[in-house]
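The following blocks contain the structures, represented as structure tokens.
Same chain, two partners: chain A is paired with chain B first, then with chain C.
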Partner chain A sequence: MFKPKTKAQTTTLFAWALIAPAALVMFWVVVWPLYETFRLSFTDSTLGTLMGGAEYVGWENYEKAIGGRKFPSIVTRTFYWMFLSVGLKVVLGLIGATLLASNIRGRGIFRALVMPPWIVPIAIGCFGWLWLYNGHFGLLSNFAEMAGITDGPYSFLAYKQSAFYSAVVTDVWIGTPMVTLFFLAAMQGVPRDLYEAAYVDGASRWYRFRRITMPQIMPTVISMALLSAIWTFNSFEIIWILTEGGPRGATTTLIIDTFKTAIFSYKFGAGATRAVLVCILLGVFSLIYLTVLGWVGKKYGYAGVQK
Partner chain B sequence: MATVKLENIYKSFGETEVLFDINLEINDKEFVVFVGPSGCGKTTLLRIISGLEEVTSGSVVIDDKDVSNAPPVERGISMVFQSYALYPHLSVFENIAFPLRVAKVSEKELEEKVFKAADILQLRDRLDFKPGQLSGGQRQRVAIGRSIVRDPKVFLFDEPLSNLDAALRGDMRVELAKLHQNLKTTMIYVTHDQIEAMTMADKIVVLHDGVIEQVGSPMDLYHNPKTKFVAGFIGHPNMNFLKTSDTDIKQKKLSANIGDFTLDLAVDVSDIKAGDEVDIGIRPEDLVVSSNKGGAPMTVDVVEHIGATVILYGTVLGNSDFCAVLPSDSVVKPGDTVNLTLDPFKCHAFDSSGQALLKS
Partner chain C sequence: MMDKYSLLQKIGIYTSIALFITFMLLPFVEMFIASLRPLTHLFSRPEVPVGETMSFVDFMSRFWSDKMSFQAYRDMWVTVPQLPRYIFNSVFLATSVTFISLCFVIPAAYAYARFSFKGKSVSLTLFLAVNMFTGAVLLIPLYKLLRMYGLLNTYWAMIIPGVAFLIPQGIWLLKTFLEKIPYELEEAAFVDGASRLYTLRRVILPLAVPGLIVVGIAIFIGAYAQQFLFAITFNQNRDYMPLPAGIFEFIGYQTVLWNEMMAASLVGVLPVLFIFLFMQKHLIAGLTSGAVKE
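What follows is the complex of A and B.
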């Protein structure tokens, strides 16, 4: 029995053939590593078992990770790190974008000047900050001493609290430019007529910002904040270069902990577990975030679009 | 009670001068239309009255008060924008209420005013909608509603109908005219469409290249254009212009030769001498087909039947793009030749600088 293929079937086959190469690459670089991480997280894989012999250990890794003495404080610290840093980036980004959107002489130059922290490779930027924070040779310590705030060299990265907030400052420094530029682009998309109409009606600058600019750029702020949150949550190189998660774990976030476990201690299985936990936590966070903002958006009509 | 007076207004953007010595008086309750081709400065003039642009020199006087340097809100004006400028994230209610919220009007009074405006504009059942859910005409009405609630002394409209389709534009013209009758407020309206100007205005201000060409009632502009520009701009289809090949002056009358034809026109000839070149303006609707063999032959290229009339395009006395409007029962086909004639009294004549020679 031989049934000639219908035209629709041929078209479908052809479509699959066209996306096959891309699908294969995606499988190779995304799906398989994800699956492997997931699989590893249920094994006792370490450097010693690398040549084979890693065994399935069930939920043991998860029990150990979540039940660990430091785990709650690491999770809390990670979220605190994320909220603080993203909050600062969004606020500074809004202020910066508003200033850059204003009609001032030479605003092209100012717009270009925002870019460097973002253009400079992160590692190089971080080394710059490393020197700034240095106790004996650092600019900041020197200034603080000259201004009489400290009475001797102060090593910003040597103390738990100051190390954490120093890392936040660096992270904000690196992360703000892109947020600013996205906000600026969104602000420029707001039709000028709206501001003029409000101005004719007597609305002040602040009123116009509050009732026109903010609602109009809200979709951008929401998506940018989420992206920034994910990046900050997983921000690794800044902390690693500045403090390697120290002193005494004061800057150890989940991603640092994952790296320390998996790569430094060669506990691949336990590290993979942490990576999976990061995924789950971020997924849950994103879901809650988007749901809440969906409600808010509906109530205030942020997502309203006009032709 | 609101009059608007513009005195010696000049405006330039950097090096570019866009308005020259604008002087204009607008009476209370008048519907004034600024009309002109794009780039003539009409929108800039409106924005100067609104306070969105500053004058370079000169003054804007509203109700005998010089407001040249006052912010818009203190001028007692409200403006409807070409794009409507509705806030897409706010409901129709909040859009209309916006100026009142800015002015911190009490909630009760605010609601009253919004509902009143919504009733006038038939938007009562649309108050909870977002602008994006409305049709073009409804958005237009919301924009008007937003300016009504402020109870302005002067309404300013910046090409408010240009984003609507032709049928809706006709309806909105009527609605705006009615609105003007109801509100009895001074209105200033900017458009590039001379039909809007003709149908709605009490007074038309024709602007061209930053100067006022002529101010007058629609029919005044139609019958007595002071310049060739106004003559060509007002009226549809456009006025035909024929260049004279020779002119003569006989018994204080202008005798204009166009090819083999001679028109004797009763116009003021004090500034004209024999031999001067003159443009003769003829409205397409003033032409009639001559019953005998007299008149100028027109070779017809295109025939448009628009119901009430028939519009012919063709060549007359060597001038292509000549247009004639005939009664709807005229039987003419492309390629035909018709003999056209007209009452010389209905002709317009313009000197070489484009100024009309007044009819004497």
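What follows is the complex of A and C.
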């Protein structure tokens, strides 16, 4: 048996013993499925051959997926969806956190009132939006009519453009509270003496926000933005419940396309190919993001991404 | 002095907060109004005479009537007799995921927070990378995996993926909390002859309670909010359905009982919202004291 000789070795052994259970779960439920997805992506697996017996077809699935007529527009749409939605979440999160951090009466209640979209099951929040977006009976359409913006019922989810932006709004709605909460916590952790010193020197509120708050909470902003980007990229339930990817594919992102191909058409091989493409695109995006930020961080002296 | 606002600033802050909260609560308001309206009224739409513009009265008449009642809140239990079960399942699944995840998260987070060892940063990065593969990407092999172990259509079909995808986040959050606990306390325990596991259990854990609450809440909400996908793909058994999947039973072949569906949605999330209301102070305090900030 391996006997630890030095203290460092004992520590390493003990540390790994503590991590092992979590690592095993990861291996079982994430790593193996990941490998299996990769393998399936080279087969023609369908419902009948899922448990074995599928033929290997080489790069055929990839050629078909990438060569598909709709593929470029789906990828562009997915990234546009991600950038737009995450950008809005971060901006709204910053505004929200600043408001909720201000020293006013009733802020405890306000903080609690902002959280429900995060806590409530995503599917249930989407029912509310489904009804809001309804052209005939929804509040939004009727309000727009009263305000004279439209002159009749307007079904937000029936037209390509408005369906896409409606889905973005709902996604932002669901994602903002958590971002707000983490930004708020980060803001409260900024040492007060920094503000006091700046205040004594006559710095304005805006200047204090820009030069103290922002740099101090930057690590949180950076890591939340990345996490949020990954979640938004893979955001499934919202689009599925609101539009199922329609109308005419206007809200079909990569993850919706993957689900449709795999689960709805039972083309597991072709679906797995899309899943692999999702992982590759996200991996490349995360690498670029971290590299660029590492570089910016060095240049401007931000603390960088927290580990 | 620094925190004093002028009247104008105060008005600005309150208005902005009001707008922000309106955005956050609008769908719930819509759901509540819809739940109060009888189906006939829900689908009636008094038209504005041609040539006239819609007035506020017209607007109100589309959303308000004398016939509004809480009838849907009574009828929904009859339409879908399993409803209490669905509400219970949702909370039960999220609670199970939380406690099982914590069993894996606590030791791992402790190791990352306390020791420097071979493969530390690599394995930590790998854990964080797991975030990239949400359930939706790995649905097919997960289905296969669960089928292989005969776990489809059980609670486990929804608990296992939930646990796996929430562990990395939990480790990431808890690690920052544990790092704040002074090392001297552990050393003192060591000197007194305590074993490492004993120290973890008796010295670290009690001190980490605020952190554990935060991580627990975060995992619970993650598990509670995202049950839908796993429920519709891995489970066909109605007895194990969580609320977001079970609620689809209000969509019948002939009619959709929208008002009852909205009522059931609102009532179904009430227990969790209520608990959260009590916990949210701890959540913000805990997040501020430990995690996030470096």
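We take it that the second predicted complex is superposed on the first by the 272 of 307 C-alpha atoms of A that agree within 3 Å, B and C clash if a C-alpha of one lies under 4 Å from a C-alpha of the other, contacts with A are read in each partner's own complex, and residues count from 1 in each chain.
Just so we're on the same page, a contact is a pair of C-beta atoms (placed from the backbone, for glycine too) under 8 Å apart; a residue touches a chain by one contact, two chains touch by 3 or more.
Here the structure is a predicted model, which is why all the values come from computation and not from measurement.
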Fit-or-clash call for chain B and chain C when the two complexes are aligned on chain A: fit
Chain B versus chain C as contact partner of A:202, first or second or both or neither: first
Per-residue contact with chain A, leading partner among chain C and chain B: C
Partner chain(s) touched by A:119 [first = chain B, second = chain C, both, neither]: second
Partner chain in contact with A:145 - chain B first, chain C second, else both or neither: second
Partner chain in contact with A:191 - chain B first, chain C second, else both or neither: first
Touching partner for A:212 - first (chain B), second (chain C), both, neither: first
Smallest separation in angstrom, by C-alpha atoms, between chain B and chain C in the superposition: 6
Chain B and chain C contact sites that coincide on chain A, given as residue numbers: 196, 199, 306-307
Touching residues on chain A, where the partner in the complex is chain C: 8, 11-12, 14-16, 18-19, 21-23, 25-26, 28-30, 32-34, 36-37, 40, 50-51, 92, 95-96, 99-100, 102-104, 108, 110-125, 127-129, 131-132, 136-139, 142-143, 145-146, 148, 173, 176-177, 181-182, 184-186, 188-189, 195-196, 199, 219-220, 227, 230-231, 234, 236-237, 255, 258-259, 262-263, 268, 271-272, 275, 278-279, 282-283, 286, 303, 306-307
Residue numbers on chain A that touch chain B, as the complex places them: 191, 193-194, 196-203, 207, 211-212, 215-216, 218, 300-302, 304-307
Parts of chain B lying in touch with chain A, wherever the complex brings them together: 50-52, 71-73, 77-79, 81-91, 98-99, 102-103, 130-132, 146, 150
Touch list for chain C against partner chain A, complex: 1-3, 5, 10, 13-14, 16-17, 20-21, 23-31, 33-34, 42-43, 45, 53-56, 58-59, 62-63, 90, 103-105, 107-108, 110-112, 114-121, 123-134, 136-145, 147-148, 160-161, 163-165, 167-168, 171, 176, 196, 221, 224-229, 233, 242-245, 247, 258, 261-262, 265, 268-269, 272-273, 276-277, 280-281, 283-284, 287-288, 291-294
